[in-house]
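Paired with subunit B in one complex and with subunit C in the other, subunit A is shared by the two complexes that follow.
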Partner chain A sequence: MSIQTPNGFTLDTSGTRIVVDPVTRIEGHLRCEVNLDEHNVIRNAVSSGTMWRALEVILKGRDPRDAWAFTERICGVCTGTHALTSVRAVEDALGIQIPENANSIRNIMQLTLQSHDHLVHFYHLHALDWVDVVSALNADPKATSTLAQSISAWPQSSPGWFRDVQNRLKRFVESGQLGPFMNGYWGNPAYKLPPEANLMAVAHYLEALDFQREIVKIHTVYGGKNPHPNWLVGGVPCAINVDGTGAVGAINMERLNLVSSIIDRTIDFIDQVYIPDLLAIASFYKDWTFGGGLSSRSVMSYGDIPERANDDSAANQLLPRGAIINGNLNEVHEVNLRDPEQIQEFVAHSWYSYKDENKGLHPWDGVTEPNFVLGPNTKGTRTNIQEIDEGAKYSWIKAPRWRGHAMEVGPLARWVIGYAQGTPEFKEPVEKVLTDLNLPVEALFSTLGRTAARGLEASWAVHKLRYFQDKLVANIKAGDSATANITKWDPDTWPREARGVGTTEAPRGALGHWIVIENGRIENYQAVVPTTWNGSPRDPAGNIGAFEAALMNTPVAVADQPLEILRTLHSFDPCLACSTHVMSPDGQELTRVKVR
Partner chain B sequence: MPKPNLNVLILGIGNVLWADEGFGVRVVEALAAGYRFGPRVRLLDGGTQGIYLVDQVRWADVLVVFDAVDYGLPPGTLKRVEGAEVPKFMGAKKMSLHQTGFQEVLALADLLGEFPEHLLLIGVQPVELDDFGGSLRPEVKACIAPAITLARDYLAGFGVHCPPGSDPDGGGHAQLRDLPDPALALDVYESGRPSAASAYRHGDPRVLAAAGAC
Partner chain C sequence: MPTTETFYEVMRRQGITRRSFLKFCSLTTAALGLSPAAAAQVVEAMQTKPRIPVLWLHGLECTCCSESFIRSAHPLVKDVVLSMISLDYDDTIMAASGHQAEAIIHEIREKYRGNYILAVEGNPPLNQDGMSCIIGGRPFLEQLKEAAADCKAVIAWGSCASWGCVQAAHPNPTHAVPIHQVIHDKPIIKVPGCPPIAEVMTAVITYLLTFERIPELDRQGRPKMFYGQRIHDKCYRRPHFDAGQFVERWDDEGARRGYCLYKMGCKGPTTYNACSTVRWNNGVSFPIQSGHGCIGCSEDGFWDKGSFYDHVTDTRVFGIEANADRVGLVAAGTVGAAVAAHATVSAYKRISKPATFGDSEPGESKQQTGDRS
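The block that comes next holds the complex of A and B.
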């Protein structure tokens, strides 16, 4: 039986059902079911968040000035971006203006996260979907060196270096503790890299692992500590004292210089290792054009990285704000997070209840009332589901929509919007990659396009990091050392009721926190996170979400080795810890793949 | 013979927002509040971090990890595991988000050729995990003090002594402490919790069933 979705996909559930649960190498718990036709092509896709988070209820009644510390704990990856979103929501509610230095430092924190997260995602969460680790053991180190030197001036590229990496890998694999390389589908025909490219990528996997620790030191300088940096409603919690003789922990010239040197080294690493690797790997997968999903139709970004403090206009955001719908790149729509008609969350297919489930609710009016019921076509039991019934409720993720449209968010969405707006700093790098790889613009709308956009954004972010660090130093040298505005710190200065919204562009996409404050306490708190958008289930009209759309029409080489499914899902950098609301059933089995 | 200049990392992992999942972090918090440490001892609230912790683990010669672990023992039981056994326990039966994570953290440190020479896991068998916004159950909270004793005895074996008291603020010590924000401190966290009537607390029935709750 086939069904046409309003957003342009033909679903057919007649073929073989495959269940992947949990999807590994992501944060949190995601289950995915697809139907394959007789040619092993995906004709129906179902994405289910199997985790309940309950952030909203944890925050109720708390002090709004502390909300960031709680939201920082939702996720093991994007601690800072939740914290920043939270302080912005509170500042918006209370009308608090922040100093310029605070804006620069927040941008530096956010851009550091973007650079770090994208790098770690590419090498440590996603590369193994393209790179066959076991094949790297068969590579010729000398040929690997020749390959590496042909694509980059990065100095660590001698035959001896690659031989050393290969020996290390061999010892590791032979010791039987595959660790991060466990559960790989090594040898699957969907891997296309020659052994030398595989070895080069594994070597850079290790180098990136070693290097990434440098980048996060920036968070320690400005956030006081890491992995859970400090944040502050009204600014940033670090004092500036360039003479360096004052308060312990204050930002002095030595620390500013340390950050500066880390930025320079990160620029080198991203531009000389990450980007050349990305292009080299992509060149072997040019005909793997799947996974575009919603990206060519409906994408959205809230915008971020404000050039100046206290200006929320779209024009002030260096990462673009806007929405593209129905594939019309000639029109970028304004996005207003306060308009009750624009962003709404639906629960017709989510394990929550609303009074009227045909309608969506704006996050300020959001309700998080769990309702775990299964549809009549479910196979299995409540505690052991064999097969989900997507005709009914089937996910702990709500279905957010923008004016009724399912949207993709994330690096590809941001870059498509920047490209559509004709902004040179987005358009030119995209065109260069397409030219270098000899690909048409349509190639952008794919899994590989998503992965490429993330790489371009890492480079963009680290150069912007340089810009804001220089701007901060210049402002300090001009005599401005203010980092916080605490005139409205005291709750006695607040209105009895206030509501606000804070947003960021997290590495994986548009993030919004909506807060309602009453009598100095949090009355309602709703977070709509990037993976809520991308991993959303169907809505009452039947529109499928971005993960589901991206899996459609992808051929799978080996039915019980869902490499292509993982490749596409990983390209979104899913982070289920915060998008859904549990703990998984304890996972004695690391991954279960069932073919039915 | 005690070795000089050992780097000691005392690491608590878990999520303080999820009842007994917060055990590891709470032990580190209690250690920091009640004991004094030498200049080479780092106390770290690792939260549910993954890759960030690789560097911390690489730095350590001696690593003590506190965590909630499913040993299949009666709830509230404390158990210590040493050396090569540790990764097995952290991966065998994963209870929460971070544990595959930490097993992988250890493997990645090993792959980079820097693995702590001495490794101790002090884990508690949790009573309750599915209580969002909740705190430690009494049985688990009662394990904090004995867990601290186990760790101090272990460290004393290396000549690293942690007497009762507290280190002065500032100086080199501040850089060796990474603890939860005061808004998340145990008493503040517990007293500020919304009532059960206003906030739903439980999760997916499949999980509750797996935990034997329904």
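The block that comes next holds the complex of A and C.
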């Protein structure tokens, strides 16, 4: 039996059901079920968020200046981005203006995260979907060296270098203890790289693991530690002192030099290792055009990386803002997070209840009551689920919609919007990649396109990192050392009631926090995060979410090995701890917000 | 005969001479406060030990512990994973998914009964029949208990597994509990912090491998070597505290001169951790050095002790139900007095016994602020 979804997909549940739980190499916990037809092609896809932590209700009654620390702990992988979103929401609510230096340092923090997170995602969460580790044992180190030197000037590329990595890998495999590579899908026919490309990628998997810990030292300089650096409502906590005594505790020339040298090395690593690897791997998978899902139809971005402080206009954001619907790239719609008609969350298929589950609610209107019930067609029991019933409630993730549309967010969404807006710094790199790989523009709307957009964005981010570090130094040179505005630090200076919205473009996509403050305390707090958008279950109208859409019509080489499913899910870089929502201990109503 | 690369071989392969290797071992021994005789034991262990299996489970968490772990500078996490332990299950990095992943837990339990380490990041929720954290269609709690049943010892990574952390903050809607509340029959090493310091995490693992015993723990189950002193005890801004030089407002002259952050809410005086000694990310900085007070993230219940900006340290009798401002009024005097008294004691010690200035013995240190003993 097949069903047509309003957003254009044909679901057929008649074939073999395959369950993947847990989906690994992601942040948090996710379950995926698909139905395969007689040709092993996915004809129905179900994505179920399998955790929640209820942080938003924990925030109720707290000091708004503390909220960044709580929300930062929503996710330790995209560390800092929730904290930045939170301080922006509080500053928006209270009308706090921040110094230019604080804006530059915040951008540096956010761009450091983009660079680091994309790099780690590519090598350590995603690469094993494309790279067969065991095949690397059969590579010729000399040929590997030739391959590496043909695509990059990265110096660690001699035959001896690759032979050494291969020997180490050999000893590791021969030990019989395969560690994280145990029970992998090695030898699956969906792996297409020759042994030499596999060996090169394994070598860079290890090099990237060594290098990534350097990048985050930028967070440590400005925020004291990573993961989970420190932030401040009104600015940044690190003071600047380049001339006076006692500068060991403040940003001085030595600290600025440390950051600068890390930026230079990160530019080298991303441009000489990540990007060439990405293109080399992509060239072997050009025929694997699956996984586009919603990306060619409905994408959204809130915009981020403000050029100047205290200007929230779209024109001031270096990452684009806007929404594209129904695949019409000629029209980029404005996105307004305060408009109750635009962003709404639905719970018809989520483990929560509303009074009227056919309707959606804006985050400022959010109601969340947990309701863990399984549908009549569930196989198994309440605490031992064999197959879920997607006709009923089936996920801890709500279903957010923009004007009723299921949307994809993330690097590909940002780059598609930048491309559609004709912005040269997005359009030109996209066109260059398509030309180099001899691919049409449609190839962008795929699993591979999503992975490629993330790489392009990492390179974009690290060069912008250089730009904002230089801007910070120029501003200090011009005599401005201010890092915090404390005129509204004292809660006595706040209005009795206030509400605000903060946004960022997290590595995984559009992130928004909505806050309501009353009498100096948090009255309500709601976060709608990238994986809520991408990992969304169905809505009352039957629209499927971005993960589900992207899995549709993908052939699976070996039914029992979910390699292609992982490949497409990982291309979104899922973050499940982020996508969880509020609940109450006994089902009593919580966090109802009165809109004034 | 399967070959296994030992720590010694790793170092040799990386061009480190045997002489340097031996030096490394004796320095390690000294750093751990052991007698020189133990150096031979370190050398022996580093050269010969095969890799012990580690199952690293994830409950309700944010993955910051895993992210911290991969930041380790010494040893490099690459060498930990390839040459020191066998990280057979860790859903954040493992290749396998679904039933191929779950099969690994059963295999390790069978094959290495009583001889693998269980590392836990995050914690189990008890509400909703445990189904607010589902792994393989079942509550995480079941996976946790099964993996714990046959392990040698448990490492509780971070504040989630050790204390409950943010999801257990008031009103703890999912009823998330620290793992010692559900695992009762195994030794548990708590390595708290949100997250813990990378080199502290890898040091705990290498200590287990090297000495084949659990490090000495304090009464709360934390390794004394890293959690025996307060951040305040070894803070490089401590002289400013003793001299009464404080940051009064963000970005004021005191902030630019690196004065003490106590008045900005710094929880260094009541937080047991190695941040001011080991520091973060290979020693680059730590929160206080970068201008923000310590928020006390390695302490039990640190989310519910009032605002991070009140210079108040809460005691457990004050829940969030009590107005934090009122708690502040009541407690500020007591704690302020305790800290002031401590400063006086320090000043006195400095005069009478200069050698012990700034040090506090793990046993006695708990008494000095008058709480949490």
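By definition in this document, the second predicted complex is superposed on the first by the 576 of 596 C-alpha atoms of A that agree within 3 Å, B and C clash if a C-alpha of one lies under 4 Å from a C-alpha of the other, contacts with A are read in each partner's own complex, and residues count from 1 in each chain.
Convention: a contact is a pair of C-beta atoms (placed from the backbone, for glycine too) under 8 Å apart; a residue touches a chain by one contact, two chains touch by 3 or more.
Just so we're clear, the structure is a prediction, and the values are computed from it rather than from any experiment.
When the two complexes are overlaid on subunit A, subunit B and subunit C occupy overlapping space and clash. By the touch criterion stated above, A:F172 is placed in contact with subunit B and with subunit C alike. Within the superposed three-chain model, A:R213 lies in touch with subunit B and with subunit C [touch as defined at top]. Contact with both subunit B and subunit C is seen for A:R382 once the two complexes are overlaid on the shared chain.
By the touch criterion stated above, A:F70 is placed in contact with subunit B and with subunit C alike. By the document's definition of touching, of the two partners only subunit B reaches A:E369; subunit C does not. Contacts of A:G223 after superposition: subunit C is touched, whereas subunit B is not reached. Of the two partner chains placed by superposition, only subunit C is touched by A:C238; subunit B is not.
By the touch criterion defined above, A:A484 reaches subunit C but does not reach subunit B. For subunit A, the partner with contacts to more residues, out of subunit B and subunit C, is C.
Annotation: subunit C segment clashing with subunit B after superposition, chosen from 96-104, 240-248, 276-284 or 330-338, is 276-284.
Judged by the document's definition of touching, subunit A residues 24, 27-29, 50-54, 57-58, 61-63, 66, 69-70, 73-77, 79, 120, 124, 168, 172, 177, 179-180, 206, 209-210, 212-213, 216, 225-228, 230, 248-249, 370, 372, 382-385, 396, 577, 582-585 lie at the interface with subunit B and also at the interface with subunit C. Those residues of subunit A that touch subunit C in the shared complex are 19-29, 31, 50-55, 57-58, 61-63, 65-66, 69-70, 73-77, 79, 120, 124-125, 128, 133, 164, 168, 171-172, 174-185, 206, 209-210, 212-213, 216-217, 219-230, 232, 234-241, 244-250, 258, 370, 372, 380, 382-386, 396, 481-484, 486, 489, 561-562, 566, 577, 582-585.
Residues of subunit A touching subunit B in their complex: 24, 27-29, 50-54, 57-58, 60-63, 66, 69-70, 72-77, 79, 120, 124, 168, 172, 177, 179-180, 206, 209-210, 212-213, 216, 225-228, 230, 248-249, 351, 368-370, 372, 382-385, 396, 577, 581-588, 590. Every residue of subunit B that touches subunit A in the complex is listed here, in rising order: 15-18, 45-55, 70, 87, 93-98, 100-101, 103-104, 106-108, 110-113, 129-130, 132-133, 170-171, 174, 178, 180-181, 183-184, 192-194, 198-201, 203-207, 209-210. On the side of subunit C, the complex with subunit A involves touching residues 2-5, 13, 51, 53, 58, 60-68, 70-73, 76-78, 81-82, 85-88, 90-98, 100-104, 127-140, 142, 165-167, 169-176, 194-195, 198, 236-237, 249-251, 255-259, 275, 280-282, 284-292, 295, 297, 303, 307-309, 320, 324.
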